[in-house]
Each structure stands twice: as C-alpha cells, then as structure tokens.
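What follows is one structure encoded as structure tokens, with my remarks underneath.
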Amino acid sequence: MKRNYLFLTVAALLVFGMALSACSSAATEAPAAEESAAMEEAAPMEEAASTCSDYVLVPKNLGNPYFDTADTGAQEAAGELGITVLYQGPATADATEQITLLNSLIAQNVCGLAISADDSDALVPTGKAAMEAGIPVVTFDSAIAPDGRNFHVNQAVAQDIGAIQIQMASELAGEAGGQIAVLSATSTAPNQNTWIEVMKEELTKDEYANLELVEVVYGDDDDTKSYNEAQALFTKYPDLKVIISPTTVGVAATARAVTDAGLIGQVFVTGLGTPNQMREYVKNGASPEFALWNPGDLGYLSVYAMHALATGEITGAVGDTFSAGKLGDYTIEDDPDLGLNVLLGLPFIYNADNIDDFDW
Amino acid sequence: MSEYILELKDISKSFSGVEVLHNVSFTLRPGEVHALLGENGAGKSTMVKVITGFHQPDNGEILLDGQPVQFSDTRESRQAGIAAIYQELSLFPDLDVAENIFVGRHPITTGGRIDWRKLYAEAGKLLDSLGVQLDLRQKARNLSIAQQQIVEIARAFSINARILIMDEPTSSLTLNEVADLFHLVRSLRDKGTAIIFISHRLEELFELADRVTVLRDGFWVDSCMLKDVTRDDLIRMMVGRTISNQFPKLDVCAGEVVLKVEHLCREGVFEDINFELRCGEILGMAGLVGAGRTNVARAIFGVEPATSGSIILADEAVTITSPQQAIKLGLAYVPEDRQHHGLITPMQITSNISLPTLNRYANHGWLQGKKERKASFEAARQMEVRANHVQQLARELSGGNQQKVVLAKWLSTNPRILILDEPTRGIDVGTKAAVHALMSKLAAQGMAILMISSELPEILGMSDRVLVMREGHVTGHFYRNEATQENIITAATQDVRAGSCQ
Amino acid sequence: MKAENSQELKPETLIAEKAEHYSLSTLFKHWEWMLVGLIIAVVLVNTNLSPYFLNANNLSRTSSDFMEIGLMMLPMVFIIVTGNIDLSVASNMGMSASFMGLLHNMGVNIWVAALAGLLLGTLGGVLNGYLVGRVKLPALVVTLGTYAFFRGLAYGFLGDQAARNYPPEFTYFGQGKVFGTLVPFSVALFAVLAILFGLVLHKTTFGRYLYAIGNNENAAIYSGVPVSKIKFRIYVLSGFISALAGLILAARFGSTRPDNGTGLELSVITAAVLGGLDINGGKGTMYGAALSLLLIGLLKFGMGLMNIQSQVQSMVVGLLLIISILLPHFVSQISSIRKDRIRWKSILAIVAVVLVFAAFFAFFFWSRAAVIASV
Amino acid sequence: MNIQNTAGEAHKKATTKKTGFWMNLLRVREAGISLIILILVVLVSLRAPAFLTADNFMDILMNISILVIVSLAQTMVLITHGIDLSVSSIIGLVAMMVAFILKQYPGTPIFSAVLLGMALGTVLGSFNGLVITFGNVPPIIATLGSQSIFRGLVFYYSQGTWINSFELPANFKLLSKGTPLGLPNLVIFAVVIAVLVYFFLKYTRTGRDIYAVGSNPDAAQFAGIRTHRVKLLVYMLSGLLSGFAAVLWASRFESAQTNTALGFELQTVTASVIGGVSTSGGAGTVPGVLLGALLLGIIQNSLTLVRISAFWQMAAQGLLILIAVISDKYILERVEKIKK
C-alpha cells in the first residue's frame, strides 16, 4: 500500500514530466529534434497554417437557435470567401467552459476567432493570449472588454436597442402609460445590463414620463425560470402594462405566460425575440411587436471582419474599412463605452404585418 | 420416498479461491432437531446459506425429499418449505416489528392490497406464543439486540416451514426466553418439522438436539446421536484437542476502589445506579437483555453520557462526555456489537488495534508505520490472533479472532478499568476459554473489570461480585459465594418501583 | 491464505508482522494503474492525432483551466473518504470571489479583500462543518442547502456588477507562470498542495482517522476517534480551499462575476470518483484522484483539439465514469459464470433487454432522420 | 410506513389519554414541516396580501405539479438508498423526442404522445437500473454519468434546434393547462400520481419491498426479496414518471429546448429531503414529499412577492432550506424526548 504510493507518485510525475519536457523541447527546437512521429506531422501542418483557412465562430452556447442562425449566415460568408468556418461552443453558457474551449482552439492555431462572450471580463486574458498567438479576435453579439479583442461587431448600438424597446413599450402602453417591468437574461450578461441602463436613461425623457419602471427581474435565459418570473410579476403588479424582455428566451416565455394567464390585451410583451418563437404571440396579441437585428447578418459580417483581419486587409485600427459581401462596406469606429467596433445597422421591428416574411 | 427430508452430498464451496466447505455431506430427518457444531469459521454459516440458496454450491448435490434441487435465491428455498434464522441479524431497521416478521409475505386482502389489520393481529399472536411483550409498531432500529433476535425467531416460525434452520438463535437471549424458545422448537419437532440448530452453548444442545454433526475447518468430522457422546467428546471433535477448564477464575483479593458510580441516571433509560469497582476484581453485571446494563456501560464510557449522577475515578469526580476522554482516563470498553461498534472490518488488523492509541505511533501527527505495525503485532501475538499477517483485513477473520483483535486493541491502551460487554457472544468454545483465561489473568495483575453478560454460567464462573439490573435499576448485589442461579434470576425479574432522575 | 489451507493449523499459530510481499499481478489490479495506462493511451493517441497536443505552451495554458477543480478536489477527497459529500464547493468559491470583488470595487486594498474572501469562504466551511459535524445533519442535505445559500450570497454581493481591474500582482496567481518556467503558478500551487494533502491522507493519524470514519463511523467513535471534530475540520478546510480556488479563478479571469464556477461541484466529484474513491467512504487514494484529474484534463484537451463538441466531451467523461466501475465488475462476473448454471430464462432476459435498447435507438434515429429531412 | 406507525400510535394514544393528543400529533413526522409552512404562510401574507389569493395558490400548485411528480419518483429511488441524478436529462431528452414527433406528425393523438413519453422514459430509466443492479455501479455515479450521456443525446438529437410553441398542436398544449375538472389538468395529474404512489408504497408487497431493500439490502435478500428486481423497478419507475413529466413539461412550457430541465434533479432531491426522505434509505412518505415540494413552491413564490431583491432571492431560498432542515431535526429530537 505505502510502497505503491511512492511508486505511483513517481510514475505519475514521470508521465506528466515526460509530456511536458517532450513538448517544451518540441516548442523550442521543433525542426531540429524530429524525435516523434507527431513532430514530423507538425511541420507540414504549420506550413499549411500560413495559407490559413480554418476560422471558428464561437457562440455563447451550442443548441441555441439564435446562434445557429448566426452560423447559417457565417457559412454563407465562408462559401463566398472560400474558407472554412467551424462552429464550436460550450455546452452551457458558462465562461469557464468557454475559456477551456478557446484554449484548445488557440492551441490549434486557427486563423481567426469570432466570439460571443459569456463574460466580457473573464475572457480578456484568453482573448489576449489568442492575439499574442497571432490569431485575430473579433467579438459579436456580446463583446469581450476592449483589451481582449481586436474589435467588436456590434449588432446595434446599445442606444438604439434600448431606445427602440422603450419606444415600443410606450406605443403598447398607450396614451395613459402605466407600469412597465423588464425581464432580463442573467444578471451578469453585459449586453443586457447596458441596454437596461439605456432604457432607464430613456425613461427620464419627458415623452416617457407616464411610464414607470417597477422592477427588473432575471430569467437567466432559462425558459422555466423566465416563465415563473413573469408570473410573479403579474401577481405582484396587478396594474402592469408592459413587460420588456430584451432576450429571445425571456420574451417568448413571457408572452406564453401572458397567454396562459389570460392577460392578452391587458399586459403586453415586447423586447428582442426571434420570428419563429414569437410568431404565435404576435398573432394572438400577447406581443404585437418586438425588435431584433438579423443574427444571420451578424454571423455573416463577423466572418468577413475576421477574414479581413486575418488576411491583413485591415489591421483593426479606427477608420479601417472593409467590404462585407452583400452587406456592403463597413468602417471601424471608436466608441467611448464600447471601444473599437463596426455597427451592423438599426434593429428591425417585427409585427403582424411583416412576420410571415421571416422563417428563422 | 426417502428417509431424509434433506440430504447434502459432497458439497464444496469456495470464495475467491479459498475453499470454505470441502465435500461436506449432511442428512436431516423429518421430526428431528439436528445440531450443527463447529468453531467459528468451520463453515456452518456457509452451509446454511448453501441450503437456503443464498449461495450456490460449486460442487455436489442437494436432495430435497430425495429429489435433486437447485435454489437460485432464498425465495425458491422458502417456497420449498425452508426457513432460516441467520447468524447476522437481518432485520429492517426502518420497518416496525410486525412488518419485519412478515416482510415479503404481507397478508393480502381479497382486493389485492396489504391487510395491515391482519398483519398486526397475526404478529401479536405470534409474539404471544413466544411469550414476549413487544410494541408491534416499534421500529426495529430502536430494539435491543435480544429483542431483535426474538423478532427474527418469530419471523422464522411464521413461515410454517418443513425445515427450520436456526443459526445461533439464543446468543442474546436470557434463560427464560431460551426456555420458551425450546418449548416451541420441541412442539414444532413433534409436529414433524425438521430443525437444524446451531449454537455454541453445548448445554443447550444436550437439552434440545437429537443428532449432531460436527464440522471443522470446512471438513465434515462426524455425525452421531447426541446421547452417545459427552460434552468433552464434542469439544474434542470441534477443536481437535481437549480444553480443560472453561472458567479458569483465580481467586484474588480486591484492592482499592478505582471506579465509583453514584446516583447515575439517564432519563428514561436507567436511574440511580450505584456501585463501586475495585482493582483486581471482576464485577459481573447480570440481568435480562434490555435491563439497561449496556446503557450504563456506554454512559461510563461517554458514548451516551449520563444526565445526572457522578462517576468517581480514583477519588476524583469526573464528567465523561466522550470516548476520547474515557480512554485518557484509563477506561476501555469492548462493546457487544462487534461488527458495528467493535471493529472497522474493512481495515487492516494493525489499523484496528492501533486506532485508540494512534498518537503513540505518531511524531507530530506523522505516522510511523513500522512502529505501529510492530506494536500491533505484539498485541495481536499476545492475544494469539490467528491470521496470516497483521496487514490482513479484519473482515477476513473469524468471529473469535475478531474478538481477539478487539481485545488486543483495548488492552494496548493499558486501561485501569476494562468494561466487557458480552465478551464471548457468538464466539467458539476455544476462544471463549481463552478470553476467560485472559480476564482472569488481567484481574490478577490488578485490572478492574466490569463484565456484562447474559450467560449465567459465565457470570457465575467469572465474577467476584455480581450486580443484577432490572428495568434500569440495580435490583441485586451478590458476592461470589452467595451468587446462585436462583437468586440472580429472582433479582432479574422482580418488580421495581418507578422513579425519575433528579 | 496459506495458513487457512494448512491442515495442521493450531489455534496458537502466530501471525506475521508484515505481509510478505505484493505480487506484481495484485499491484496491477489497482485502479491507479488503470489510470496510468489510460493516461499513456490518451497521450499516445492524441499525439498521433493532433500535432498541437504535445506543445508546452498549449499544455501550460490548458492545464490552468483545471486547477480550480483540482484544488477543490483535494479536500473533497478527504470528505468523500469519510463517506460524506460537499455539494457547496463551487458556490462557496463564487461567494468568496464575489465578496473579494465587492470589497475591491469599494476600493479596499486587493490583499485585504482577498484575505476577507478567504475568511468568508472558511466561515462557509464552518457553517457546513457545524451542521454536519455538530448538529449531525446528513451532509448531502446540508450542502444542498448551502449550495443555494452561498451562490445566493454571491449574487447578493455583486448583483449585476462585475469586479474587474485587479492589479497584475494579483492576477499573477491565475495567469502567471512560475519564474523561468512554463508551469503556471496555479499548477505549481496545486502540485504542492496535492502532495501535502496526499501525505496527510496517507501518512498521518488524521488521515487514518478519515478512513476509520469512512469505513465504520460507530466503531471509530467507540475507539475514541474525535469524529465530529474531524468532520468539522474537513469541512472548514474545504471551505478555505474553495475560497482559495475562487481567488485563483478570479485572478485567472482578471475579474469576478457572481455566477463564476457554477456547476463545477459535479466536475470535482466526477474527478474524485474516477480516481477510484468510493462514494460510500473508506476507500480510495489521493494519487488516484490526482491521476484522474490529469486524465480528464488531457482527454478534454485532446478532444478539444479534434474539435469534438463539448456535449460529446461530457458524454465521454460520463461514459468513462460508468465504464470505469462497470468494466472490472463485468470481467470478474463473466469469468465466474458457470456454464451449467446458465438458464434459458436469463438468456431470454438479456435478449429482451438488447431488443428494447435496439428499438429505442431505432426510434431515436428514425424520428431524427425525419426531422432533419424536414429542416 | 411512517404514517402507519405514527398515525396508528397517535390514534391509540389519543383514545386512551386526551391530553396527550397534541403531543402525539407532534410525533407525526410531517408535523414539523407543516408547522414551518404555516409560519411562512402567515408571515408572507402579512407582508404581501396578494399571497393569500386563490389565483396565487393556483400558480403555486401549477408550478410545483411537475416537481411533485418527479420528486415522488426520486423518493422511491431514495428509499432504496439510491439517487437518480439523471431525471433532469431524461426529461430533457424525452421532451425533445416527443415534441419532435408532435411537430412532425401533428395528428398524433395526445394519449399516444403521453404513452410514448412514458415508454421512452422507462427505457432510459432501465439503463440506469441495469447499470446499477447488474453492473454494480453506485447509483450516484451511474446517474451522474447517465446525466451527461442523456443530455448529450438531447444535443445530438435536436442538432441545436428548438421546438417552439407554434410548432406544437394546440390540443397538446391544453394537456397541462386545460381545466375540464375545475382544476388545471397538471395539478390533477400530480394528485392522481401522488395517490397512486401512496397506494403503491403502502398497500402492495412490491411497495413494501422498496422500503425493505433500502432499509437492509442483505436482510431483504435473506427474506427472499429479489433486491435486483426491486432496484431495477424503482429506476424504471423513475424513468417512467420522468418521461410523463417530460410530456407535461413540453405541454406546459410549449417548447422543447436543449437545456430543458437543466439542474432540475437537485430540486427534486431537495423537495424529497425536506419532506423527510432519508438519503440513507428506508424512510420516506408521500405526504412528506408533497409538503416538501409545497414548501419549495411557497418559498419561491413568496420571495418574489415580499419584494426581496432578485439578487438575494437565491440566498434566502438556501437559507430557508437550511432553517427548514435544522428546525425539523430540532422538532424531531423534542418528539423523541417526549416519547421517552
């Protein structure tokens, strides 16, 4: 028993040590020391890397239709550019997992990363490491803090998103105005929090004086939780007029909660949603209108941006301009809050008149 | 039709390469009580489990009514009319007494649901016929070991089997209960039930059994009519040699008082316990099971501290709240339940022996393996533990050897006061004598011993003085010369006044 | 075994002081060797499949991803050896880091804040330890409660805020490397602590007590082992190390959010169990646990390099967990089956089971194919 | 068993001695948790009048119905000294498969969809059962493993696509929400299942075998109980009920997502454990679990109502669980003392 212990420890250390030393020598003097088959294979691969063609689109998590749509757009762009775009993400929207995944992507020396960050700050060191390894990093949907990326592909200016939602809420609440509430995703999601800040600012304007924001609740982008939170809002605020849910999961769950509770016409839901999820509620009146950009376009633009960086077409400085296929030309701008970014465009309002034109 | 209701032919069984039964043959006639005898580890329990289908034999044949049978589990053997009380208690702690008796065979109403009313009624009837009073709705968890054993017996009887196997059914029972049990066994036998009876108490066998089969080290030694053999013959067959004296008690002159217990009380369990223990003395504690003897011992040892009263150790009043403290004060306690309280069976013999004294073999908390091993080897050797080496796991040992390990463990703490709770319960004759000899020797060396035992011969044979308890009170106190079976039983069954702790 | 078989055995047969020797075959039966074998296999396979696997920079970067799990696993091994469990480790980690982040945001010196975080985490351990050790509530129940409580406190502290801009002296603990080498600081810390914890578990009275409690708590109490004190201590230790892991995570991320590390407790337990620890207590070794952490790390890294999706990765670890226990049992079962005892009934049962699962997967793929065709 | 015992005793004693009635009521294992619920209800309704309305209670009942169904399954597993951590993944997988089928074949009768869900759940549960019984893998390990395996299958099956409300037939959505009997179907399902499980555990031999196996597995084998079969059965039942819950889940939330029911397993364990189910096997009752789930539901509901900040809610929830468990133990100890 005891003797085993020593023996095993030594064995374990040996294995680990061997692995480390074998590769540290490989890293420093790889071409000279062609000891293993692996090293021989490594050489041609590295050559291939110079004519790079593997890009990766990293969503917050897999199995999320929003990002799947972004991937569809990304693949379209990839086809046009003649490159490969892999779609790799963590199983759950969790920064720890996303970092582990990114580390294995960095290790492969991919040509470029387009990331939707699970945590804007926690990913900074990883983003830096990628850039140090010569891999361009653009973020989309949810940004890494400026230090950890080249630039951000912004779906819409926070200002626009916040403003448009308050505008919709105001329309739905009608002349008299009334109480409104916000049902957000996780309390730590950076984009959500920025938008909510903007909404609060917007509400201070005179034209919205008749709207009262009673509470911000969090559904964690979890359908059940969002549904329950929405229910709790009805109970708590019997006079509630509008719930704004700036997240696709939350807005659908809230609209369903309104439908189930028989509150259609009494409580309106708006926010950011996807046509397929919201179609039913737009039609039954639970959520007459909602907004969103087209995530497909977002993915499309991200791939063009990443490709432009990787090929040296742009360096990622303010004022750099690149062309993004069907979407036209884009210029990198600097924003005091957001840092370097390119802007996709204005958010789009979906309602009963146009919703059947979309299928995603 | 065969003469035998059950016949075992050349049964062999091994576990992980070690053969526990070697070509054992055995026959059982209807209407006889057949005693199965052998030291622990001789293979009796394994044989019982082979008969009931809990284990399957590697070789050989089992004939029931002359027909070969193969049981793949105990359900099949029970359907064939075989019931068994196993040596390890097999109750369900979370179920109540009545349900424990009928588990797996609950009476069912015509509608197909369990008939709880009938279940309680039948359980009550059964316990009445055994002459015991038990709360039918009490959880088995809260029963004493003896009460548990009674429930086991009731369960076996409730099956109305053709073959009833009883593996040490009496190890925790008092004389009265044993008498009631024997009465029942005889009436079953007279109705034609075949009974296999296993016990270490030879007197019982002579009283009850017709035939005897002796096993040794997994080998069949002999089968014969009991009236043809003597007690010494049986012992010789079992151990392969003669044991001269079962109770080698030396007369010693008791020294000064080392332990004095005054008005000790634990609410609802025992009250107003007073006694003193002198060095060099063996104080026997007799009484029916459930009289509170074990609780007194546990209170003194700090496992379940007393709620009032005082314990005085060598003229110094102490409050003992934990076993650690008790050990430091020079107390040692060999508990009655070896498997659950005495030993850590999945650990090595060494680790078991050194556990209470582990700090002795440590330098600032770092264990010195060699020192520890050496010390436990010495302790185990003095106790004549039979094992290959001290790094063997305790669970691989026979019951008697396990008890020796427990003793070695506690003696290595160099206690001034040794509390033995049923020190020879469920161990074989050879070891039993060895334990008694050891007690005698220790007392002669000046150790004070408090011995709790339900075996009257042991109490009478080993004690300098005897305390008798009844329902949480001390009801009798006798010196060696005045202690007799009669006055102990009288004291153990007399009425006590109710009172409460101060 | 020799003594048992010998016929002339007398009761006074003496015992040997030591086992004579371990044969090589019994040595190799140990689970730890299986792990070593698996690790070697994983290294070889990955080296062949991916040129990026044996690369010091890559290994160095990826190794720090597993250090929080590793750190929390160390006291978890103690706890599991005693037959208990601590589900609150990851929540405690989040709580401590968030508390530190809160203080940092308030302008408190980072080291003071870190110390306060450690203190709070330790207090969390004290709460667990008190409830498990003194009040004697079941560990699973207690830590299920504190699992929610601690995570809730983390949210309470930081809400939707993040703590960021930690000074580089602090982020060194998560991102820095030991001077002059490629070994990340957190890996070095883990290695030192792992050796320390291993020595404590296997070479001290404390460690022996842990095994005694795990194998038979009652007997340990009767033998004078201070059971409740020891339980209290290991939970306090677990709280402290979880807090430490929280700080390391914060340093690695350069920031703190209250949801950091959600769900890691299951990874911690998985690593410990894959290392051969018996969830019921009393069995297992620290080196087994450390090896399994290494195995999981290398396996996940290798799969990541091959762009195997994360869900598949966790499926593989899940399968490994089951198979690691299933396989040895099956091998011994199959070898002990006697041909003459095989009944047609059991064969029928096996066939039925196989058919049911076949039907399930037939349905699984059939329905899915229809769906994909429609998309 | 508990109820049988305590209720029976309470009855016996109450007839003999009138004053002892309340003391005896306290002996009932569920008394402690009922008391806690009562106190909580009083406190919350003082702060938030909206709490004590029929609508709100209907919400609470709707919200805990699925929890009750799965917790009862979990309870049976816990009684055998097992644990099923894979219920959440079973729900996720079955909900996804059933929803896909319904999307594909909208004409599928609802009854068949329910049956399909239960069948799929049973198969998944039997995987756990087989691994645990014949593979000799500890339940916590086996189901921890199958949790990730089943969840992986969800991703593989759906390829990331979600089933949305508009893709599900309307009558399917009504399965959980319709109120033909005055109460929402979901609540009725939960009540029916609770009654069935209660009857099963108390009035059938197999039900009693579950207690016996959890209480002392060796003894159960001695007593001729086929422990393997009993254990296999509880995991299959756990799968079956989870499968049923999955169908209800998809119906109530009108969707199937890759992360459906993620983390739900801990809630079911919590509800069972608060309801007095012993994690070391052998003990647990249906009324206890119902109360446990109710307590959880009330805690969740009331925290929002008394306007505790969203950020502190989880902490308060954890704290309340701890308090419930501690005070329960304290009450039990008092009761034990009174008994003696």
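Per-chain numbering from 1; labels A, B, C and D assigned in written order.
Keep this in mind: a contact is a pair of C-beta atoms (placed from the backbone, for glycine too) under 8 Å apart; a residue touches a chain by one contact, two chains touch by 3 or more.
These numbers were taken from a predicted model, which means no experiment stands behind them.
K.L.:
On the document's contact criterion, could you list the chains that touch chain A and likewise touch chain B?
P.N.:
Under the touch definition, chain A and chain B have C, D as mutual neighbours.
K.L.:
Consider the two chain pairs B-D and C-D; indicate the one with the greater count of contacting C-beta pairs.
P.N.:
C-D
K.L.:
If I average the Cα coordinates per chain and compare with the overall Cα mean, which chain comes out closest?
P.N.:
Checking distances from each chain centre to the full centroid gives C.
K.L.:
For chain C versus chain D, what separation do you get between their C-alpha means, in angstrom?
P.N.:
Each chain's C-alpha centroid was found; their separation is 28 Å.
K.L.:
Based only on mean CA positions, could you tell me how far chain B sits from chain D in angstrom?
P.N.:
Those two chain centres are 42 Å apart.
K.L.:
Taking each chain's centre as the mean position of its Cα atoms, how many Å separate chain A from chain C?
P.N.:
Averaging C-alpha atoms per chain gives centres 31 Å apart.
K.L.:
Can you give the whole-Å distance between the Cα centres of chain B and chain C?
P.N.:
41
K.L.:
Specify, in ascending order, the residues of chain D that touch 2 or more different other chains.
P.N.:
Within chain D, the residues that touch at least two other chains are 151, 155, 161, 278, 311.
K.L.:
Touching two or more other chains, which residues of chain C qualify?
P.N.:
155, 159-160, 258, 309, 311, 314 - these are the residues of chain C that touch more than one other chain.
K.L.:
So which stretches of chain A touch two or more other chains?
P.N.:
2, 62-63, 91-92, 187
K.L.:
Per the touch rule above, enumerate the chain pairs that touch, sorted by label.
P.N.:
A-C, A-D, B-C, B-D, C-D
K.L.:
If you look only at chain D, which of its residues touch chain C in the complex?
P.N.:
97, 100-101, 103-104, 120, 123, 126-127, 130-131, 135-138, 140-142, 144-149, 151-153, 155-157, 159, 161, 266, 269-270, 273, 278-280, 309, 311-319, 321-322, 325-326, 329
K.L.:
For the complex, which residues does chain A have touching chain D?
P.N.:
Contact set of chain A toward chain D: 62-65, 68, 91-92, 187, 216-218, 222-224, 227-229, 231-232, 235-236, 238, 252-253, 256, 260, 276-277, 279-281.
K.L.:
Contact residues on chain B for chain C in the complex?
P.N.:
Counting only chain B, the residues touching chain C are 17-19, 56, 217, 239, 301, 303, 322-324, 326-327, 333, 335, 340-347, 349, 351, 355-356, 358-359, 362, 365-367, 373-374, 377, 380-381, 384-392, 409, 430, 434.
K.L.:
For the complex, which residues does chain B have touching chain D?
P.N.:
Listed in rising order, the residues of chain B that touch chain D are 52, 54, 73-75, 77-78, 84, 86, 88-96, 99, 103-106, 108, 112-114, 116, 137, 139, 155, 267-269.
K.L.:
Could you list, by residue number, the parts of chain D that touch chain B in their complex?
P.N.:
On the chain D side, the touching residues are 1, 4-5, 8-9, 199, 202-205, 208-209, 211-212, 214-216, 218-226, 278, 281-283, 337, 340.
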